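Please find the structures below.
Both complexes shown next keep chain A, but they swap its partner, so chain B is in the first and chain C is in the second.
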Partner chain A sequence: MKKEVPTITTFVVGVIVILDYFFQLGTGTLSLEYFSREIQNWMLIVAAFAMGLAAINLIRLHVVQIRQRKTGWYNSVALIITLVVMSIIGISMGTDSPLYRYWYNALLVPIDATIFSLLAFYITSAAYRAFRARNFDAAVLLVTAFIVMLGRAPIGEQIWSSAPSVANWIMDYPNMAGQRGIIIGSAIGAVSLGLRILVGMERTYLGQD
Partner chain B sequence: MSVWDKLLSLDRRWIYLILFVVVSYPLLFPIGLPLTVSRETHRVYDYIESLPPESVVVVSFDYSPSSYAEQHPQAVAIMNHLMRKPGVKIICTAFWEQGPMLCEELLESIDTHGKEYGKDYVNLGFVPGGETAMSAFAGDIPKTFPVDHRKNPIDTLPMMADIKTANDIDFFISIAAGSPGVPEIVRQIEGPYKVPFAAGLVAISVPISMPYVQSGQMVGLLAGLRGAAEYEQLLDMKGTATVGMDAISFSHIVVLVFIIISNVAYFLGRHKGGAK
Partner chain C sequence: MRSGRVFVLVCFLTLACVIFFSINRARKGKLPYLRKLPGVDAIREAIGRSTELGKPIVYSPGIAGLSGETGAQTFAALEILSYVAKTAAEYDTRLIVCIRIPEVLPIAEEVVRTGYLSAGKIESYDPNDVRFLSSAQFAYAAGVMGIMERERPGATFLLGGFWAESLMFAEVGNAIGALQIAGTANLHQIQFFVAACDYTIIGEELFAVGAYFSEDPIKRGAISGQDIGKLIAVGLIIAGVILTTFGGAETVDKIVHW
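The block that comes next holds the complex of A and B.
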């Protein structure tokens, strides 16, 4: 039953939603669209519940980190304190309350933005160490990246007036062809995986091999 | 150890320091390098410019504070343009949990040009579920968002009276930092409901989204901070993106100079039998 019920549920739900995407069958509460919409609304409720579950899981994981005094356990303390405080303020006073927004704007926004901005330093350092024309392929990548970077920065236009148009050509032809191939390939892969899940051949989502 | 080997094994802290100094200078003393507006940005601007009064535009705040520096100026520029358009109705929504807060912050900071909350614009808030949430939103807006972010029941908002599904939307814009983002909107909203769609993206995800522009599934896109700066130029406004463009230029030059130094040192070092 632990295998059959989820597999049958997945099949029924999946078929209804897929058919609704392509066909209009029935009217009112007996239509495919009605069932599909209801299923999607259930999914939203499950997703909201999953967020709460994720928070509980996160707390459990970090409590273990603190108890066992693992490396960086004090970061776990900071995480739990901020999670609990923000949750209490958000639930009791609302996410629009001045206190919640103060914490959000004074802590989360600058911390998050700073971590993302650090990428600029890592990318520069990595480019210095890794972007070398060691062979023909690496040389092609290097020259292409060089031109695109030059073409995308305003100063590049001042250094070489054709840089933007050459960069655009690279984006419109070689890049477009490659990206389109990736998109089509991954779409075919997704369809294939979806079909395997629907017919019960793929059960890793149930925690089984 | 030869000079080339020393250059190749340069302590990364020197690189960080040089980048920090070079990027800081134009932020403190802006130069104002001229900027050419790309065709992708122009298309978004032209499309919004052509919207007739009473058009309904959805702006989806699908990003988080991590990409704030790059994407918030995009949202500010787009919202400024929409607010300037008389009669255009704006629905803010989010499929990323931090979107509604960013929208509220934006709404407090811009001139609404006389538009009123509930009559001309709303912030519906966040709905979890990613792609499924987008599909649910497109199929039944009041059911997906029974109350807005400010806890007003949706049936008390006058502008939402005739907006029920994606068929009632004239333009969908997502300021998207990742997933759910462009492919999900194309699959669930642009494709099935034929809603014209444009996006503001982090620069790194522009190449993967370009095929959607070329195929016509996207009207256009704003590429990173440059896209925001281009949009500000079209609106004739000086925002944070315009100020940041000089820093972007300088940072690109630093990276390019380091790449040149690294390759020169690599080849000369190898020629002398040193570096590998």
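The block that comes next holds the complex of A and C.
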């Protein structure tokens, strides 16, 4: 049962959603479209339950951190307090309430922006390493990147008038060809994996070899 | 039939037929040859390195969910996780799995638990090492980076759907000296992994990794089917180029949007 029920559920749900993408069959509550929409609504419900499980996992982990006074345990205290306070405010007053919005905008948004802005430094350090011309491939990358950057920056056109058109050619032809090759290969790989899961040939995700 | 989807349906059915045909052929004993992928060979090496250094392994299956066009990447990452968990258990090396999507958490827990069970080391399995961090992208990113900094893993696996956080993980992993194996089918993140990681599994290779660890004819046959699918795609591209060059652009457009 542990094996058959998830496999049959995956098959039925997958077939309905795929058929709905291609065909318009039935009307009203007996249509494929209706079933497909219902399945997608159920997905949201399952996701909500999964969020509950995830919250339990998170709390359990951080309670252990606090109990054992592991390094940085006070961060776990802050996390649990924030989780509880925000949940109480969100459930009792709603996520549109001024208090919830205040804490969301005053805490989460700036922290998110801070983490995101770290990317600028990471890009710089990664680019420094990637652009060192250690071999032929790295040298090609360096020259190509230099031309593209030159073509994209306003000063590039002042230095070399053809820089923007050369940069555009690199992006539109060799770069685009490579990208499309990867996209086609990935799409076929994804379809293949999806089909194996759909018909129950691939069960690793159920914890089975 | 929904308008404009006939061509997609024909392509889908053709690909499905080719894949199932290849799987059947592999089941009859004609296993296809799989060329070596350095990134795949390095997976065992990375686990071994962590074991030698006495350090843990950090695994992130990406931030994509289980549905939509990026869902397949998460399933591929979970497939690889199964192998990594089993090997880590055999080597008695701690494996920390960082999860962003709540629905992925119970699946990852089951996959890791089964890996330890297969290796006969279920007593070493610690449920606290499969961690849900946050469903917010940058909170998750901060969590993974924090774990990397604190735990100092010997190897990191970044496999699945990644977005802006890809380079953050890869750079932190690089800074702490971990051997890094990364892979994604998200086009705009591949170059970051190539620049910052030791081994990169590019695009479709991510979906093929599972077949490398298995003698299962289904997995190996599917790879062969994918190759035939790519040949058909190349044929269609050539036909499209010829038709368009000789004034048949409208015909191509009609077929594609049929």
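The working rule: the second predicted complex is superposed on the first by the 190 of 209 C-alpha atoms of A that agree within 3 Å, B and C clash if a C-alpha of one lies under 4 Å from a C-alpha of the other, contacts with A are read in each partner's own complex, and residues count from 1 in each chain.
Note that in this section contacts are C-beta pairs under 8 Å (C-beta built on N, C-alpha and C of every residue); 3 or more make two chains touch, one makes a residue touch a chain.
None of the values given here were measured: they were computed from a predicted structure.
When the two complexes are overlaid on their common chain A, residue A:115 makes contact with chain B and with chain C alike.
Touch criterion met: A:51 reaches chain B and chain C at once. Contacts of A:26 after superposition: neither chain B nor chain C is touched.
When the two structures are aligned on the shared chain, A:133 is found in touch with chain B, with no touch to chain C.
Of the two partner chains placed around the shared chain by superposition, chain B is the only one that A:101 touches, whereas chain C remains out of contact. Contacts of A:43 after superposition: both chain B and chain C are touched. Once chain A of one complex is fitted onto chain A of the other, the partner contacts of A:125 extend to both chain B and chain C. Touch criterion met: A:60 reaches chain C, while chain B stays clear of it. Of the two partner chains placed by the overlay, only chain C lies in contact with A:188; chain B stays clear of it. Contacts of chain A with chain B, set against its contacts with chain C after fitting on chain A, overlap at residues 21, 43, 47, 50-51, 108, 111-112, 115-116, 123, 125, 127, 129, 179, 182-183. In the complex of the two chains, the chain A residues touching chain B come out as 21, 33, 36-37, 40-41, 43-44, 47-48, 50-51, 94-96, 101, 104-105, 108-113, 115-117, 120-121, 123-125, 127-129, 131-134, 142, 146, 149-150, 152-158, 164, 168, 171-172, 175-176, 179-180, 182-183.
The part of chain C that touches chain A in the complex is made up of residues 1-2, 5, 8-9, 12, 15-16, 19-20, 23, 67, 69, 72-73, 75-76, 78-79, 82, 99, 102-103, 105-107, 110-111, 113-114, 118, 128, 130-133, 135-139, 141-142, 150, 164, 167-168, 170-171, 174, 185, 187, 190, 192, 194-196, 202-204, 206-208, 210, 214, 218-219, 222-223, 225-226, 229-230, 233. Interface of chain A with chain C (complex): residues 21-24, 43, 46-47, 50-51, 53-55, 57-58, 60-61, 64, 71-72, 108, 111-112, 115-116, 118-119, 122-123, 125-127, 129-130, 179, 182-186, 188-197, 201-202, 204-209.
By the touch criterion given at the top, residues 10, 12, 15-16, 19-20, 23, 33-36, 38, 64-69, 97-98, 100-101, 104-105, 127-130, 132-133, 135-136, 139-140, 143-144, 149-151, 183, 192, 203, 206-208, 210-211, 214, 223, 226, 245-246, 248-256, 258-259, 261-263, 266-267 of chain B touch chain A in their complex.
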